[in-house]
Every structure is written in structure tokens, then in C-alpha cells.
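Just so it is clear, A, B, C and D label the chains in written order, and each chain counts residues from 1 on its own.
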Amino acid sequence: MSIASEAAVRNVNVSQCVAEAINLEMDRDASVVMLGEDIGRSGGVFGTTRGLQRQFGPDRVRDTPISEMAFTGMAVGLAMEGYRPIVEIMFVDFIGVCLEQVYNAAAKIPYMTGGAVKMPIVFKTAGGCIGSAAQHSQCLWGLFAHLPGMRIVVPSSPYDYKGMMAAAIDSDDPVVFIEHKGLLLRKAGSFAHGREVPRERYLAALDRAAVLRPGSDVTLVTLSLTVGESLAAAAVLADEGISVEVIDLRSVVPLDFDTICASVAKTGRLLVVDEDYLGFGLSGEIVTGAVERVGTSAVRHVLRHGVPDVPVPAALSLEQQIVPRQASIERAVRKLASRS
Amino acid sequence: MSIASEAAVRNVNVSQCVAEAINLEMDRDASVVMLGEDIGRSGGVFGTTRGLQRQFGPDRVRDTPISEMAFTGMAVGLAMEGYRPIVEIMFVDFIGVCLEQVYNAAAKIPYMTGGAVKMPIVFKTAGGCIGSAAQHSQCLWGLFAHLPGMRIVVPSSPYDYKGMMAAAIDSDDPVVFIEHKGLLLRKAGSFAHGREVPRERYLAALDRAAVLRPGSDVTLVTLSLTVGESLAAAAVLADEGISVEVIDLRSVVPLDFDTICASVAKTGRLLVVDEDYLGFGLSGEIVTGAVERVGTSAVRHVLRHGVPDVPVPAALSLEQQIVPRQASIERAVRKLASRS
Amino acid sequence: MSTLTLRDRYLAMVRMRRFEEACLAGVADREIHGEVHLGIGQEAIAAGLLGYLTDEDALVSTHRNHLHALAKGVPMYPLMAEIFEKRTGLCGGFGGHMHIFDLPRRFSTTGIVGSTLPVALGHAYAARLSGRASVAVGVTGDGGANAGGFHESLNIAGSLRLPLVVLIENNEWAISVPFEESTATATLAERAVSYRAWGKRVDGLDVLAVASAFGEAVDYARSGLGPAVLEATCYRFRGHYEGDPDMYRPAGDRDARRRDRDPLLITRESVVVEGGADPVSLAQEEQAIADEVDTVLAAVRRDLMPDGMQARDHVFTRGTAR
Amino acid sequence: MSTLTLRDRYLAMVRMRRFEEACLAGVADREIHGEVHLGIGQEAIAAGLLGYLTDEDALVSTHRNHLHALAKGVPMYPLMAEIFEKRTGLCGGFGGHMHIFDLPRRFSTTGIVGSTLPVALGHAYAARLSGRASVAVGVTGDGGANAGGFHESLNIAGSLRLPLVVLIENNEWAISVPFEESTATATLAERAVSYRAWGKRVDGLDVLAVASAFGEAVDYARSGLGPAVLEATCYRFRGHYEGDPDMYRPAGDRDARRRDRDPLLITRESVVVEGGADPVSLAQEEQAIADEVDTVLAAVRRDLMPDGMQARDHVFTRGTAR
């Protein structure tokens, strides 16, 4: 992926890219409707739905009461009626009040009906750490990924935020779309990758990882905000003589093992950087999946860097110790690169 | 673990072992209270609380309305008052209506308070497949395990059901105690391991795996109902000349990697048998944790056998294709043993 | 009010009872390998729904759903075949008794208590979006009315004046927990005021009373006034599920209720005594219904289970998410 | 009725306002790095609680919890220190503003809307178990009253007659969603009947009216009659959180409300005009409070953040679950 010429980089932030995608889909397809808290009158707490209610009216862009169980269930009913609902769970941390409708209904109905009923629902939600402590900083893609029947999409660049949201709405499968709070207000121009965001509609593939930086010593697999952190780390490490191949997963379910394994076969060293909890989640799945595919002899060294299975603490001094960011990623790469 | 003399094997089923454990704890500690649906008047849909309400009264053994969010939250309030609540979520599949209080409150409060507040709560629930299709057959220990702050206990034998329930109630940490519906009504005498259940109180360690059968070709790690299935498979495979070491995990969080790795270092072949969904869960964590500890060269071959990331279907003909049981475990071992 | 006669409703009740008995046979013979919840004793409620709903109206039911499916016009054969986990079932045997879906008839179910109303609310919202004058019926038991989704859904329906009809089958028990013990108020219908909803409690053994009240509720919701809550009282005749030892209810009381307050017998009596039905022709019709159900049962029993090789179908990853 | 005077309550309100302003300073200077929700404009409600609760009574609050903490007697210093994420805080800096816990005072909070009442219900149940004549207060906003936990908790409290007092701070907005748009009924207090609960709506800018109504509610619950629902109306003076652009509310209306209906000014007026307070001595007391808060703020600012090396403490696995 090449860095676009400055001329082509629009002065938009990531939230605007999301709003643009939803806008274009709603415009072309009257069956797309949206439900959630503060998505209408305010345009979303991060602005990802700005302008939509004004354009499409309060019925299609519905500000709901704080009743997540009811409105996630509404999406299931709407999907059975032929609508394509987008449901916003403001922060992913709140999923504990309504996981029921997501995993027991939306995710299972296509299977439980023997394929007779589709559930084209997007569960749009914001994750990631921006300093709001234990109940407002989680990622939780590992939680959703464990439960079959849903695509789990986690973009990292402005281009993908727009294109993957469009593809998520377009998909007939239930999709969990996890934004990072720390990216939503960033300008496209501040990104090192995927800065160029076309005005018109486009779809970005929902199940392909991207090699953002080629390298030969270490395969670094990551997603969401830590993609940018990892690219920055890789640049520093290159100066130290460590060549890091940075892979942006983009999708958690399904995982693109073709891309991951091709890289690991080359480097023999696999580092997974994950802002979600480390245990029983994404990183274990990637390491195991790679070992299953290319064998333990090809995967010579593995390392995981993620939130070490503690809640996210309030104080910055504590938070910095457990949330992966550029400096800690550099340390992890150095540690892995030194093994032989 | 030796097979007890028949004389010592009491004519109790697993549910009675659980009820006995709770009974003994409630008797010695007035702060132990229990909340849940159908635990009182009926003694539990599987009988795991039979007799408790008669003995300890309706206040300490409270039949609740179908209001899981309220009564899991009650347990949090009770714990802050110095009580040691046991909460029954009848089937683990229902956790989607009340995960919130479990993972955002009970599991995090000890950390969020900087260690000032303990949460000695047992979330007792039944999982596993006995033919009740997509919404009543899940295991979901992988879901809880991803969320930090809780012990996840999954016993397989009558001895452990009693001893680990006692230890769970005795623990100051929040514990998720996952029973298997297919074991609860089985008699102690029908088990090949842990059949001998003392009448008096005892505690079984909450964080140790057990090597139930030594072997040299394949390390088979499993838990819950598939422990018995694996032991039966290992006996058949022994006749074919394949020596299987069967490890009963007993605890999912924390995992006892000392025991797992000692075995893998010996056999070089690791098979994880898991009745939970395969992806992003226990099996990936075990494989990765083993690789991290003993290195890829020591773990020569790995294989996972679990529910292949589809919901559990209704029909027996379908269910048998996806739920691991003795015959499919035998096939998996043969497959792994043949690799060199 | 619908044009159905008491006799029509009675015969529908007979059909429902015979259907449940066919399922019972499937449990006894272990053809149905999952758990099964039957609606025996509650037929007057389902039969009271007849005549008010079209395929444009939705009905979302619970774990105890067979009678509602029949009332919504779901054909008996694929319904029974799904309960029997056969490939000819509505869901090809993937769903089973707690997961009945008939999309063209806007009928669906869930096995999770409290989860019906949110889904029904979605159907009600679809009516609003599409400008259809249809209603969505969400069924719950007395126990399910204590789940949070009840409150959330009714509040949304009330504030948006959505055409949601909440039908509460109050059979006095939620498994082993009696209604009075789990509920703060004497009735559930009185909660309607909290949601600016129409509310009424009706004797659920009296099929005509149910029909008239349900007709009112549907009219109210359909006309755009907002949600309606109809509580119909009844009694669960059997254990919570087939196999439930049911030791928590006083046996004497249960037996008396079943003997003296069977809606089928009560309704038959009305049909004969008040409706002046000819007992002989009525018995013939009853027999014809029994024969119909027997024929379906026999055919379903001959059907094949689904092909095991398809167990990984119908999920986009086809069991290879990883 | 408590023995506190109007003047006492007014001075408590001043203390609350100054406290919130100190937090504001912490946000402005980026000392507090997480999000912060302030209760400015809602002081008359918290000050109305004073005098009715002891340490045996519990209070469970929301994301907007500072004033409730002060009302419950949580000491200002460790409270502010926790909000400032300092090691001297109530939770050593691990919790932060949305997660305030003071166990000896039975005060706790959660950042998840709708999750307060279930926890408060647990305290109410503890009162029953231990035979204490204490109450548990669960706070919710108008928005939080639409969450399922509201219904589930009140129904349980009503059916067991538990001493749960639900305090609804109806500040007309849930972030950007106005009360009338999200709620089926004109008031929230009227929902009390669904739970066989005491219910009342009170003007939450009138501290004496709140005090008297809260006293009634607590008496009712304490005497074993069951739960009470007190809805106190008010207005959120600032954005939902500090940094909220708050473009969704008509600015003119907001400014007028803040200018003309500030509970601090209203109450001060009463203290002076009706209570005949000497303006000079009142101003001195106000100044003393401002000084007290300033002193605490200055000290908190000097405190250290927690030691980063402890970030894996306080979970039994110490970050090595795997």
C-alpha cells in the first residue's frame, strides 16, 4: 500500500469516513436502518453517524433509550423482515447487557434455520483504550470471535474504516464492526497507511489481511490502533537493523492465514500484538493456527504482546504498563528478534 | 488416581456430590448464601441443590424470578456486605443476559479497588451438550476465560465436583464453576476416575491439572465430560499400541502448564479435546502456552479436536458430527499419532 | 371480532391437543432427543388468537411454542418434522423444538426466556418503517415477564407507539417458582400503565373471552395507539419439560386442576350445551382431526434425519473460521 | 425528618459545587486523563439525602457519582485523589472517577448504566439476611431507568419487600436523548405501582422538598413495607462529560436554565430571605468551604500516581493466567 500524494488526502477524520460509508449505503438501499443511543440528534459520541438523521429521518436513524437488550433484539426482528439493520453498542464494554441477542439469536439463526434465514446485521461498536479505565477501555474482539456465526471486522486505516463499513452493511452475515476510540477523531492525513479515502462508494474486502510493510526477520501481526504503533516501531527497528514485516489483520473472523503463514514461513518468527486481553483470544488462535498450518519447525519462535489479563487501570502510570503501544512493541520485537 | 474398591464407592450421583459440598459449606459458614432459579423448592433442575432450602431456609437458598441481571448484581452487593454468594445461572447459554455483572463488576472490582474489596462469588452453571440444540448445549468456558479476574473451574469426576465446589466457595476470588449436564445425573460408580467421594468436607485444589493415565506417544489434554470419553478412547488405543497420556485440566483459569508441559516434553505430540467452540478459546491457549514454554522444537505435532465453530444443531445425526465423543477422539489420536 | 365460531375454536383446540400428544409420543420413543415443553392445558389461549392475524403480522414465541405456531398458521407437517429433528422440518432439523422459524408467516421462537419481546418489537418497528398496518405479537410466560427485556421492549413500544401486542401466558408457574412468589403485583396486566399501554387480564381457559380480549388488543395496537398487554391465566398441566419429575407442585392440586379445569373439556361442554352441537357429528370431527394428526405423525416418523455431512453448512465460515 | 437546617444543606451544596469545580480544574489541566461526568446543577438532590443514612445503609451510584459520594459521607480527600488517579485515592488510582468504592461506608459506583440497582438490591438483601433495619439506595438517571435491570431489581424488591430506595435523578437528558423521547410515561415515579412500591416525584432543585420526600422514602423502605421510587427532577448544567460539545441541546434554553434555575442560587436566596441568614457570616462560611476544597485540591495535586510496577497486582493470577 503506497502512501498517497498529499493532494489526494482529504481533510476528514475517521469518524467522517464511517459516516460517509453509512450514508452511501442508506442512500442506495432503503432497507438499511440504524438503531442506537445518541446516533441521531448528536450524530454519535464520536461523530460516526453525523448528519445521518437529518438526511434520512428519525425512523431510519433511531435514537433509542438505554435499552440495549431491546434494540439488539429489534435488529433481529428487522432482519427477519428484510431490513439490514446497523445497531450501535456505544462502547464494546457494554456488550454484557445484550450479548444474548447477538450470539444466541443473530449469530445462530442462519444456522438454526438450516440456511433459510439471513441475518444481515452490523453490530457497530467502539473499543480500545483512551484512558477511561476498567469498564470503558476493552477491545473484546476475542470474546466475539469465540462465538461462531459472526464476522469480526477491525479496521485500522481511514480507507478501511469506510470501505469495510460499506462491505459490512453489504454482507448477508452478521458482522461485528469494532472501531477504536483512539482512531475515530484522527485525521486521515495523520495515518501512514490507507490515508486516501475516495468520496464515492467502494467496498473493501472483509476477509483479507494486508502486508503493510515487508520484512524478513520478524512477522508482526496486529490490528486496529496498534497497526499504526507497529508501523512506527518497525521504522525505528529498521534503523537498528531489524526487519519487521507488519501485517494488518483487518478481519478477526475469518482470519487470513494465507497471508500470515506466507510471512511466517519466511521469517520463522511470529509476534502477535493485541490490545485485547492476551489469554484465550486472538493471539493464541493465530499462533496455534500458524503452527497447525506450517508446522512447529517453520514457526521457530513466537511471542505475544497484549494486555496481560488484568483489567485496564485508571491511572496513566498503570495503564502504560499494560496497554501495548509503540515503545513496548519495540521492546517485544527486540526480544523476539534476539532469539535464534 | 487408582480405582477405589467398590465398597468405598457410594451410591450417589454427581449432583448429590455438589449438593453435599454446598451443604457442608453453608453449614459451617453462615455467610454462604445461594440465589438462582429453581434451586430451592425444586432443588435444582439437575438436583445439585436438593435439600438445601429445607435445611437452610428460603432466605439463604433463594428461588429468584427469571431476572438474571438483578440477581447476579445482588451477588456483587452481597459480597461487598461480607457474604459469600453462590449464584446459579441455570444453563451457561443464558450468560448473555447478565454477563455484565459477572465481568464488569464481580471480576473487576478486586482490581478496580486496588485490592481493597474481595468478590468471593461462585457463579455455578451447567454447560455441555445433551441434545438440546443451539441455545442449550454450549460450554463457553473459553468465553469466560478471555475475561480476566475469574477462576474458571470445570471438574470431571464425582470427587472433584464435590471437592472443587467446596474450594470454589472457600475461595476469595470470583469463580465460574461449569458443570456438565451429561455428568450430573451419573452415578459415582459409573466413573473410571474420582469415584470415591468422602462424606465429610474436603477441598480439592482449584488450579492443578491431573494426569489420569500415563502414556508416552500422545499428550491428550481435556476437561469435563470428554475426560471420561478420552479415558475410554485411551484404553481402546492402548490395544492398538498407541500410548496416550490423558490430562484432566480441572481448571481453565489458571491453566496448569507445569503438568501439560511435562507431558508434552515427553511425548512431543499435543492433542487438545474440547467440547467448547474450537476457535479463539481453550485449545489455542493451550497450544500457544505450551509452545511458549517448551519451544516449537519440543512440541513436534499439535492437533485440536472440538466443536468446529458452528452452533450445536438439533438433530442427532448432525450433532454427532460436531461434538467430540469417544469415537471421534480415537480418530483424532490416531491421526496425531501417525505424524512423525 | 373474528367470524370464527366457538365450535371452530374448539376444534382448533382439539387439533392442538392432539398435536402435543403426538410430540409426547416422540419423546416417549426417544425420537426427539432434546428437551420438549408442551402447551397442554393452555389451548384456549392459542385458539383465542385465531382469526385476528395475517401473514403480515408477526408472532414471536417462547420455549413453549407449538400451539402458537399452529395458531399462526404454520403447517402442521413441517412443524412436527422440525420438532422431530427431521430434514423435512421447517429448519431441516437444524433448529429443533425450541427454534421454530417460518419466515413467510412471520413466526419465530427462542429458547431464551425474556428474549421474545425485543424481537417482536423489531417486527413492530418494521411495520412502522414500511407503513404496514400490521402488529407484532410477543409471547411470554409469567416468569419471562420478570426479565429486563420485557421492560425495555414495552417502554420503547410505548414511547414510539409501536404496534406491539404482549401476550402473557400466566400458567402460575415458572418451572418450580409460583407466580405470586416471583411477582410484586397481583397481576401482570397492571404493569401496562408503566408503558402507556392497553392492559387486560383474561381467563385463559375461556376461549371466547381470550378471543374477544385479543381482538381488542390487536385492534388497539393496529390502530396506532401503542402497545397492548394481554395476560391470560391458565395452568401448566404437565411438568415444565417432558421428564420433569414435577415434585414441587402439590400433586393433589395439580390433579384436581387437570381434572376439573381442562379447557378442552370446558369448551366442549360449551359447544354442546350452549352451542347445541350434535355430539355425534362433533365426535366425528374430533376423530377426523385425530386421524389427520396421526397421519402426519406417521409420515414424519418415516422421514430421514438430516445428512450429517451438512453439519458445517449454513455458517459463512463453514466451520473453518480459524 | 432530619435535624439538618436549610442552611446546613445549602452549605453542603456549596461544598459539592466547589468539589466539582476542583475536578473541572483537573480536567482542564489534563491531570485526570479519563472521561469525567459532573453533577453541577444537581446539588439539591444529593444535599437532600443528608441526615437519613448511616454507614449501615448502602448507596450505589452511577457514572455521575461525586455528589452522592459526598452525601454518603465519603471523605473528600481520598475521593478527589481517586478521581485524580492518585495512589492516595480510595482505590489507589486503579479505579478512577467511574469506579469509586468506599466499603466501610457502603458506597460504590459503576460506569455501566442500569447496573446500579441490582447491586443495591444485594445490599438490601443483606439487610434482610442480617436482620439489620438498614436501607440500600440505588441511584439511576432518567436514561438508566429504561434499562432492564431497573425492572428486574424493583420487581424482586417488591415481591420480597426489600428495603430498596431507587433514586432517579431525572435531569431531562441521557446524553443527547431527551427524557420525553425515551420514556413512555410522563413521569418515572408512576412506574412504582408495577412493583408495589412507594412512588413520588419531587422538584430536585428544592433541597427541602427532596429532603422531606427522601426521608419518607427511606422510612417506608426501612419499616419493611418494600421498595420506594423517588424521582427528582433537575437539569444537567454541563455537557454529558467534560469535553462533550453539547450541540444537541438548544443553547438558549440551556443558558436560561443555568442562569435562572441554579439550585445553588435558589437555595442561597431561601437561606437569606426566608431563613434570615446574615449575608456576611454566610459568605465567610462559603469562603471557608472554598478554602477547604482548595487545600484538598492542592494536596491531591502533589500526590503521586500509583507505581506502574503494581499494574499486575490485585488479580489472583497476577497477569499470568496463561
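Heads up, the rule we're going with is that contacts are C-beta pairs under 8 Å (C-beta built on N, C-alpha and C of every residue); 3 or more make two chains touch, one makes a residue touch a chain.
Quick caveat: nothing in here was measured; it's all calculated off a predicted structure.
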| item | value |
| --- | --- |
| Chain whose Cα centroid lies at the greatest distance from that of chain B | D |
| Chain centre separation (chain A, chain B; CA means) in Å | 32 |
| Geometric centre distance via CA averages, chain C-chain B, whole Å | 35 |
| For chain A paired with chain C, centre-to-centre distance based on mean C-alpha positions, whole Å | 41 |
| Euclidean distance of C-alpha centroids - chain C vs chain D, Å | 45 |
| Interface hub residues of chain D, defined as touching at least two other chains | 91, 93-95, 99, 110, 112, 115, 146-149, 151-152, 155-156, 159, 181-183, 306, 314-315, 317, 320-322 |
| Touching two or more other chains - residue numbers and ranges from chain A | 64-65, 67-70, 93-94, 96-97, 100-101, 104, 111-112, 133-135, 145, 148-149, 253, 279-280, 284-285, 288-289, 309-311, 313-314 |
| Graph class of chain-chain contacts, one of line, ring, star, complete, other | complete |
| Chain D partner contacts - residues on chain A that touch it in the complex | 37-38, 40-42, 45, 63-70, 93-94, 96-97, 131-136, 278-280, 284, 308-311, 313-322 |
| For the chain D and chain C complex, residues of the former touching the latter | 146-152, 154-159, 181-185, 190-191, 193-197, 226 |
| Chain B residues touching chain D - in the complex, by the definition given at the top | 33, 59-60, 62, 64-65, 67-83, 85, 100-101, 104-105, 109-117, 145, 148-149, 151, 173, 253-255, 257, 285, 289 |
| Complex contact set, residues of chain D against chain A | 33-35, 82, 85-87, 91, 93-99, 110-115, 143-144, 146-149, 174-177, 181-183, 247-248, 305-312, 314-315, 317, 319-322 |
| Footprint of chain A on chain C - complex, ascending | 58, 60, 90-95, 99, 101, 103, 106, 108, 110, 112, 114-115, 117-126, 128-130, 136, 148-149, 152-153, 155-156, 159, 306, 313-317, 320-322 |
